[in-house]
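Remarks on the structure that follows.
Chain nomenclature is as follows: A, B, C and D, assigned in order of appearance, with residue numbering initiated at 1 for each chain independently.
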Amino acid sequence: MAGFCDETIDGRSELNMSVTYIDAIHQAMEDLLRDDPRVFLYGQDISTFGGAFKATKGLSEMFPGRVLDSPISEDAMAGMAVGAALEGMRPIVEMQFADFSSIAFNQIVNHAATHFYRTGVAVPLTMRLPSGGTAGSGPFHSQSMESIYAHYPGVVVVTPATVADAYTMLVEAVNIDDPVIYCEHKFLYRWLKAKDFHGDGLSIGQARITRMGCHATVVAYSAMVHEAVKAAERLQKESGWEIEVVDLRSVKPLDIDTVLASVARTGRILAVGEAFPWGGVTAEVISRVVADGFHLLDAPPMRLNARDTPVPYHPRLWASHRPTSESICDSLKKLLSY
Amino acid sequence: MAGFCDETIDGRSELNMSVTYIDAIHQAMEDLLRDDPRVFLYGQDISTFGGAFKATKGLSEMFPGRVLDSPISEDAMAGMAVGAALEGMRPIVEMQFADFSSIAFNQIVNHAATHFYRTGVAVPLTMRLPSGGTAGSGPFHSQSMESIYAHYPGVVVVTPATVADAYTMLVEAVNIDDPVIYCEHKFLYRWLKAKDFHGDGLSIGQARITRMGCHATVVAYSAMVHEAVKAAERLQKESGWEIEVVDLRSVKPLDIDTVLASVARTGRILAVGEAFPWGGVTAEVISRVVADGFHLLDAPPMRLNARDTPVPYHPRLWASHRPTSESICDSLKKLLSY
Amino acid sequence: MENKLSSLYKAGKIVGGVYLGRGQEAVSAALGTALIPGRDIFAPLIRDQAGRTGFGEDLLDCARAYLGSALGPMRGRDGNIHRGRPAEGMLAMISHLGAAVSAVAGGLLARRLQGKLAGVVGATCIGDGATSTGAFHEGLNAAAVEKLPLVVIVADNQFAYSTPVTRQYACADLLDRAVGYGVKGHAVDGTDFLACAKVIGDAVRDARDGGGPQMVVARLLRLCGHGEHDDAFYVPDLVKAGHYGRDCLAVAEQQLVEAGIMSLQEIEAFRVQAAEEVQAAVAKAQQEPLPDPFQEEWQAFATKRLMEGAN
Amino acid sequence: MENKLSSLYKAGKIVGGVYLGRGQEAVSAALGTALIPGRDIFAPLIRDQAGRTGFGEDLLDCARAYLGSALGPMRGRDGNIHRGRPAEGMLAMISHLGAAVSAVAGGLLARRLQGKLAGVVGATCIGDGATSTGAFHEGLNAAAVEKLPLVVIVADNQFAYSTPVTRQYACADLLDRAVGYGVKGHAVDGTDFLACAKVIGDAVRDARDGGGPQMVVARLLRLCGHGEHDDAFYVPDLVKAGHYGRDCLAVAEQQLVEAGIMSLQEIEAFRVQAAEEVQAAVAKAQQEPLPDPFQEEWQAFATKRLMEGAN
């Protein structure tokens, strides 16, 4: 797994960086619909309108009858997907925002997630959750719910951070027999660009070393990978520290082996997540690392999460609520100075 | 905080052990209804029938009009409580089983939990969640959801493990201005007995040293405290190990200071929880301990949770799904032999 | 018709149930036998032993689930009323009431997308109490928007656990809800077996013929506690003594005899046969191995390579 | 009545909104002014600027929320349409549609328990789309069971975001749902201001007088996009040109003049006054400090001693 981060965010885009993260999501659905008759899309405003973020734009015309507008009924949307999956389909459900999946919570964690274990019959559905914060979105359009779903047995939770992953992991998600919660980050939709959708062949369940380094490991996922890379670049420029960045890619299953291998090289770990601080991905990562790699550590492992309040509406508050490259830098300096 | 565990489970009950854990819950509600006109109860089958577990038996006759049967509408039950709390009441909502609170999830985490931060106006409601596994209850009547709610800012999550805590923490919960998720363990309802409801004066947010020891710390909560104590007693008898048992009492806020002080004495920690293994209380405890008490540790911190499947129905499977005194013993032996 | 009888009687005789369908056998059997196994989708609820049998469920599935056999579809992982064979069109309910409505609708949507909807029906049963769930509302509404051949049988048995319908809904009749969803409503006396067979049969046929979702409200009384632990002390004697307090099995027996469909002897023979089949299933299940935690896979993912540590 | 007008016009003039109530001002204003500030409970939705003003909301609250002032009730923590003053009876909506229905019902239940329900009304607005939520169903049903004085105004504006009502519900008319909840239903042309004032006024009075929950279905058309980012290309020209495409503000103006209630000059004076008040509020809010992350408490608990590290 070599370094892999030839993508770039806003402002630094080059001429040949022509496809965006949301393009990748769109293309994956188009390819899936074209190649697999079992696939259909269900969600609010996804047909004529093309979805709140235009991820499905044009698909209802290309695939008539297979891109369906749903009522404002998240519970039923998920329940319909369960039933359709049981009858051999591969539904992709778009939640208008991840935050609204709270209404579908029961169907996801109690119906879809338990089904294979209980009955031996799999429920291959994919839920797309437009996740994470953007300026001005406030408490109900900014949430990161990966930790909630990952807590439950039976659901796969993926958190693509690159354009290529957005594409390949959605295709893979739909082809997996288990229910997959696909957390797509709204901040990355149009700002993250790449040359194309080609990935590096990793599959769900495998983390990636996004950036190699030897002094400390940052474990991140989704938008935070880019904040971590920025922080790493700054520390390198400013003080010559070499920070390794691990992109978890999927938070369940969690590829702790790759994380441990990195910590074996660096001796230091900072886990970064955009979700609320209690529990969640960073806690799971740290507690697995110390269970299996205690002896590898030269310093107390650190975490950096969002603050323990709802996501504030005002951009000035929001910018201080979630981790950023600056706060990651600060944490890393503390970690390195131990 | 001296040792405190003069309670006993099933089979070992003495003559003067006359009040049970569910009696404590019942008495707390009776006292609250009597002393505070703001209190009322809302839930399915809680009036004439006295609730699925009889926790409210007789209360509707004692307090006419203040113990109300609700429709099978968990979302509305929680939403009604939000509205009533805003108008100055102190509602106590009984979920028939914690598992059904998944339907109320949105109202709890997005409506009740965010309200004070957003508006400055508090939402003092209490949700009683009959939690945890009992033999034969299966995947939908056995869940432990404390980790789900604790992930969200703005909710207090308490997990009483003793008869006295069941009483005092419910009274305290209702008097707290924040929404409280009160996780009462069904296994303890009738098997856990005590002389009376008198507690030791701890309040929500303070953990308890249930049993003192010097060789290792077990951090647990709810029913698992008793499994931990049993394991500790066995290890003492069998091999002379002195195990300290910390009862978290509330998982949010989490009294990490008491845990750290214990780890400072013992150098070893095992965190035990009955919930699913990904994330959750044990991960939060361990990652906070290693962040602030790394230097205190003589061995890698360990966790023991339920297995990563739905809670199985058959008693034989169930007994192997959740941690027990036996599996805690096994883990402790490993921890001690490091 | 014999099919119906058989399921009806088997249902009346089933042993060991924790949640019984007493008083609801006529409704449930009428539905189960109006459906076509192998073609239709059926999501039974807790009081649908009769419907399950009518839909062709092997009594062994029931016996195994209740007795916790490691064989059978649930393998001890889930129990009793949660059993099902989803691959064969019989869903395995979760406890959360109302959740099955959208699942059945989704199954029908799948059939439509596959071009296999013609002549297919999806059905589920729900109690008066469960009509108060958001899941019921969202599911039925979504099915109505898609005009799917969904039949929802509302068994209004006057109580949800202990809660009387006066604390459950404020409309005069749950049938009044049908118009609000734009679905066809049917009322039936749930204690009248022949009426159930006719009305539910009609509803299923309407759905099968492209009439969109159907809602049948059957009026009856639960003739037992909510579960076996419940003596139903809260059901007033007057209610028990009323019209809906009659046993639909006895009514059915009389109806069949009077109509000349079956003789008392034939019915008795059925009863004996059913009892024997139940005995045989129970006896078999009892001898089967219990689930063994050490043999158990403890794996919630269907995709083996996703098991932790597998990469 | 002047009150109504004033709120109506202010609503038409408000600036900077992301989610506008264009086309719905008549309905919203009629509701807001039928309610009694300081006594009733009101949970406005995204298109209820007019109702808010009618209910007595200070324009400054609106300006502050939209401009992100650190002052005002939301202090930059939540914004625009989510603002409210729950301690004064105006709830602060969460985004999740339908959630307010049970909250208002709960507030009314509280009043009843406090013996203060007499003459009180709780009201909330909801769109055609949000009637598909389980929260709406559970909340309205629970309110009906408790016979609470809840008024639910359904603004059926033919679209939910881009989704036409044909993909939202299958009943002929959302009013058909009232009977299924056992609540009284009222229909009104939402573009007809005087009709709205009357019908909504009646519904509020019925609730206030002990008539239990009321459901008003107002038919209209959203005269803008869902949000300001949406050009509503999906609304067919024929619909825009139809009866409900007319601007209820213009209709109201004409109605008031024709009825001799106000002259054109008086209306114009109101308009100017309202515009000035809006300007003043905006100007004030613009000069106020923005929220400062370093001053921010970052504390979601109301109970100070529960703050982590506080014990």
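Just so it is clear, a residue touches a chain if its C-beta (ideal position, glycine included) is under 8 Å from a C-beta of that chain, and two chains touch if they have at least 3 such contacts.
These figures come from a predicted structure and were not determined experimentally.
Student: Figure out the least number of contact steps between subunit C and subunit D, where 1 means they touch directly.
Tutor: The distance in steps between these two chains is 1.
Student: Could you put a whole-Å number on the gap between the CA centroids of subunit B and subunit D?
Tutor: 40
Student: Using the average of all C-alpha atoms in each chain as its centre, how far is it in Å between subunit A and subunit B?
Tutor: Centre separation, subunit A to subunit B: 31 Å.
Student: As a quick test, compute the distance in whole Å between the mean CA positions of subunit B and subunit C.
Tutor: Roughly 36 Å separates the two chain centres.
Student: Residues of subunit B touching 2+ other chains?
Tutor: If we look for residues of subunit B contacting two or more partner chains, we find 70-71, 73, 75, 99, 102-103, 106, 110, 113-114, 117-118, 139-140, 153-154, 254, 307-310.
Student: What are the residues of subunit D that contact at least two other chains?
Tutor: In subunit D, residues 74, 77-78, 82, 94-96, 132-135, 138, 141-142, 145, 167-169, 299-300, 308 touch at least two other chains, as defined above.
Student: Please categorise the chain-chain contact pattern as a line, ring, star, complete graph or other.
Tutor: Topology of the interface graph: complete, with all chain pairs in contact.
Student: Mind listing the subunit C positions that touch subunit D in their complex?
Tutor: 132-138, 141-142, 144-145, 147, 166-172, 174, 176-183, 212
Student: Could you please specify the touching residues of subunit C with respect to subunit B in the complex?
Tutor: By the definition above, subunit C touches subunit B via 68, 74, 76-79, 82, 94-97, 129-130, 132-135, 160-163, 167-169, 234, 290-294, 296, 298-300, 308.
Student: Show which residues of subunit C lie in contact with subunit A when the two form their complex.
Tutor: 41, 73-75, 77-78, 82, 84-87, 91-92, 94-96, 99-111, 113-114, 134-135, 138-139, 141-142, 145-146, 299-303, 305-311
Student: Quick check: in the complex, which residue numbers of subunit B touch subunit D?
Tutor: That would be residues 40, 65-66, 68, 70-71, 73-89, 91, 106-107, 110-111, 113-122, 124, 153-154, 156, 176-178, 203-206, 253-255, 257 of subunit B.
Student: Would you pull the subunit B residues touching subunit C in the complex into a rising list?
Tutor: Subunit B reaches subunit C through residues 44-45, 48-49, 52, 69-73, 75, 97, 99-100, 102-103, 136, 138-141, 307-310, 312-317, 319-321.
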